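One chain, subunit A, links the two complexes that follow: it is found with subunit B in the first and with subunit C in the second.
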Partner chain A sequence: MFGLFRVELQARSTYRAQIVLGALGWVVPLAFMALWRGAAADNPVDGIDQAQFTTYFGVLLALSNLSLTGNVVFAMSSRIHNGQLSVMLMRPMPPTVVPVLESAATNVFRLPVVIVAVPLIVILGGGVVRGGVSVWVTAVVVAVLGAVAVAYVATIVATVAFWLTKADGVMGLVVGLEWVLGGMVAPVVLLPQPLPTVLVHQPFWFAQGAPAQMLAGIGDVSAFGTIAEAAVWVVGLHLLLRVVWRRALRRYEAVGT
Partner chain B sequence: MIEVDHLVRTFDITVRPPGLRGALRSVVHRESRTITAVDDIGFRVGAGEIVGFLGPNGAGKTTTLKCIAGLLTTTSGRVRVLGYDPAARDSEFLRRIGFVMGQRWQLHVDLPVWESFDLHRVIYRLGKQEFADTRDQLVEMLGLGPYVMQQARRLSLGQRMRCEFAAALLHRPAVVLLDEPTLGLDFEAQQQIRTFIAEYVAQTQASVLLTSHYLRDIEVLCGRVLTISDGRLTFSGSLAEIRATAGRDKRVRVRFVQPLTDGQVAELGALTGVTVVEVSRSQIVLEAAPGAIGRAVDTVERWVAVEDVDVAEQPLEDALTRLYHGGRP
Partner chain C sequence: MIGGRTGRVLWASWRATAAGAAEYRGDMLTGTLVSIVWLGVSSVPSVVVSLRAADAGGWGLPQLLYLLSIWYLMDAVMWIVIMPNIGQWPEQVRTGSLDAVLLKPVNSLIYCSLRVLGVQDLPKLLLAAGLAVTAVALGGGPPTPAAAVASVIAVLCGLVLLWALGVITSYKVLSQVQWDASFVLHAALNLGRVPTSLYGPLFRTVLTWVLPVAFITTVPAEVMFGMASPWMAVVALALTAVVVLIVVVLWRRELGRYTGAMS
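This part shows the complex of A and B:
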């Protein structure tokens, strides 16, 4: 798998203009950061102050730049749709890992933004990271498990293309869900009940909102409980993908060859 | 190596009446029908054998190949390749099969071909020395040296196809499926690919199933031919057997200096064992029984000065066309 990742990295280094444009990254969290900082200018919003919003959306900026969802869902569904999946199916490796590694390779070129620009934005915006090393470690573990779970969700949704010839709307829906369910529009604790209670038990939140809340000191996020729950999601989604994929391949028509 | 028994593959397709009305009605009520792409076919391909798989467009050739490769599941029937069920996609099976699809890229378009080859080494877990030996051999056999360091997307069609061949065979598959491998290639590239396939099979004793619309591919490479039409096998045997079905009549092309009159053409057509196939100002093409050829040419020579006479077997295409339309030879 590392070999394939290395090759994808080599392929992506071919086009310099794309690297530069890609490195500018995904800036939507900055807009929401400005919005919520403004709302908390005079008084904290439900106990969340400007510094916490800065940190929260700064972490989201980093995580959304490293998200795999969009690439996975669109790359996989288009390959199913145009028959290019056939080439992958002929190789002795799971075809589902290819879009994930492609996305990861693309994200490598966004690392400069994540490593340099995000801390700068957080510091200039007066953000403060709460907690010590253990919080950092927990946040990273939860984010990784969440990202893996979301990659599974994206792949499962992409398999809709086996049944529907034109499924772009469904694919776009996943990206939209990531915004809302992941906490990019607002920290889920600010949403009306019962949403905060429900939304903290799904993969999109583990991938983005949970680590951001942990580092910003928003709400009471249980480290062990969150990690355990995210791990259960990963295992469950893995098993679900195996079943769905097997059924989906029976529908594959390998068009265009 | 390849065993196909009573293979059936159907597809459900949506049908709708033409025009805007039909399109709008289909939004509410969708009708579908089942088409049978492959209908109860069976054959075997042994080790070291190259079998040609011929048929008109839409006959079911590629669908059959996809079932053998495991890309499509069968509706019914049984397919076994090297003892494996292809649809199960066992990784050992995938390591031992190669599929060259004329319209599909296996090479990474953004990378130099050399690096795509290396990706295959990683994916197929080939030993470095074993891989380097095979790669160097393929590069030499296919003459890839001058452009193997170029980005795949910048290659011409012929160059790309040769590289695709190399990529598909780097892991030395024991079963090779070739779907239109010489499509769109120039004469030289076609010849190079044919020579390469023959050498590869001689070296590895691989089983090869080849579809092509270029009969020269089949003539040069295939000891046995299967023809398929409307999803059903219509012939299994040698190309010589197909040729024999064309009968003993020969195609006689007579070129002359001045044109024949209509009356002279009619007189030729009236000769026993002679049929006029085509007439122009400078030549006439006849179908003639062996004993009637000399008589026909003598007759023409009495009327006009003959420049050239060419006697040939009946075109293979004619016999194949009959097979394509379902008739046994």
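This part shows the complex of A and C:
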């Protein structure tokens, strides 16, 4: 697995400039940051002030830039339809890991941009990070567990391609879900009830919204409870993927070259 | 700019594209459903802002939804016109297939940038129009008929500016095959999801006079609801004319450097 990651890293080093530019081109959280800062210009929105919105969407900008979902959910269908999956099945590791490693290799080149640009945006926008080291550590752990859980969800959805010839539209909905359930369009605490109560118990929020809320000091996010819940999701989705993957492979006809 | 022959060739190309897409009607239906969901996702921030705050920098729900409808229209045009044509230039230059396109006795810029339609995304135009009508009705209509006419003119200018931005970010690929500035186009369009007046002063200036994002989405919405004078449509027309002129000059100059790669 490490060998494959190294190969992917080398392959991407050839296109590192394009990857860096791609990171600069992802600005959707900036647009929503501007909208919510505008809404909080005169008074805080449900107790959330401009500085908190800046930090919140700054963290989201970083996390969504490093999101694995897009590649994981879209990479599978073309490999099924052109037969590349056949070769991947011959390797002594699950083919489902490959798109994750590819995305991780891309993120190695995106990370420097994120590390420089995001704090700059947060500082210029007057954002403030609330909490000390423990909050940072909790936020990172929750974000990683959430990202793993979302990668599992994306892989499960990607298996739709075993049943449907054209599944890109359906798969694209996962990205749309990520926007709403992950809190990219608005912090989930601002959505109408009962959505805030429900949405804080699902992987997309753990991957993006929860760490952003923790660092921005929005709402009361329980550190231990959130980590435990995210870990349970990872285990549950892993078991579910094993079942779904076995059934999906039975549909595979190994077409292509 | 579009001569009779170019117009006829374009029309024939679009008919051929539509005929090809008719083979995948199911795909279009799925795509339309997905588009509706995405439009819903895109409108969540505007709706939630209106539920939680009086407005965002003077923009209430009708204004934000009308701006969203314009943004959605631009996004539709991005996938119907710009990506299937301009987005393919790098590949066409690499494979040499652009040579065959350039040899045709028609306006090369128009033909290269408009000849294929992303037919499966055409229903988005209706969705955008539906949202625009709803938003204007919610806002009590435009203050004067002139505001409505000016807004429509500004939207048309915005469409041309988006096309021009697409050409400007990609034309260099004719002489530098590795050129890729499409991220600027995508970033510009995504920043236009919200009124440019909500960005900081520096960003706002850049988004108005360097990348004309303000004229692509914000100005048409401001004009419709009387937040800007209808005369802004004239400014938009003048800016569009200047930008198109620049695009034509840049394209002709770049064509002179194009060496072709057909094997």
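A few notes on this one:
We take it that the second predicted complex is superposed on the first by the 252 of 257 C-alpha atoms of A that agree within 3 Å, B and C clash if a C-alpha of one lies under 4 Å from a C-alpha of the other, contacts with A are read in each partner's own complex, and residues count from 1 in each chain.
Keep this in mind: a contact is a pair of C-beta atoms (placed from the backbone, for glycine too) under 8 Å apart; a residue touches a chain by one contact, two chains touch by 3 or more.
In this text the structure is predicted, and so the values were computed from the model without any measurement.
Judged by the number of subunit A residues each one touches, C leads among subunit B and subunit C.
In the superposition on chain A, contact is made by A:Trp179 with subunit C only, not with subunit B.
Using the contact criterion defined above for the overlaid structures, shared-chain residue A:Ala11 touches subunit B, although it does not reach subunit C. Look at A:Leu191: by the touch rule set out above, it reaches subunit C but stays clear of subunit B.
Looking at the shared chain after the overlay, A:Val133 reaches neither subunit B nor subunit C. Residue contacts after overlaying the shared chain place A:Ala254 against subunit B, while subunit C stays out of touching range. Of the two partner chains, subunit C is the only one that A:Val170 touches; subunit B does not reach it. The touching residues of subunit A, when paired with subunit B in their complex, are 3-4, 7, 10-12, 14-15, 83-84, 86-87, 89-93, 249-250, 252-254, 256-257. Those residues of subunit A that touch subunit C in the shared complex are 18, 21-22, 24-28, 30-32, 34-43, 45-46, 124-125, 166, 169-170, 172-173, 176, 179-180, 185-186, 190-192. Residue ranges of subunit B in contact with subunit A, taken from their complex: 11, 62, 66, 69-73, 87, 89, 91-92, 94-95, 97, 99, 101-106, 108, 110-111, 115-116, 118-119, 121-125, 151, 179.
Contacts from subunit C toward subunit A in the complex involve residues 24, 26-27, 30-31, 33-34, 37-38, 41, 44-46, 48-49, 51-57, 59, 180-184, 186-187, 190-195, 198-200.
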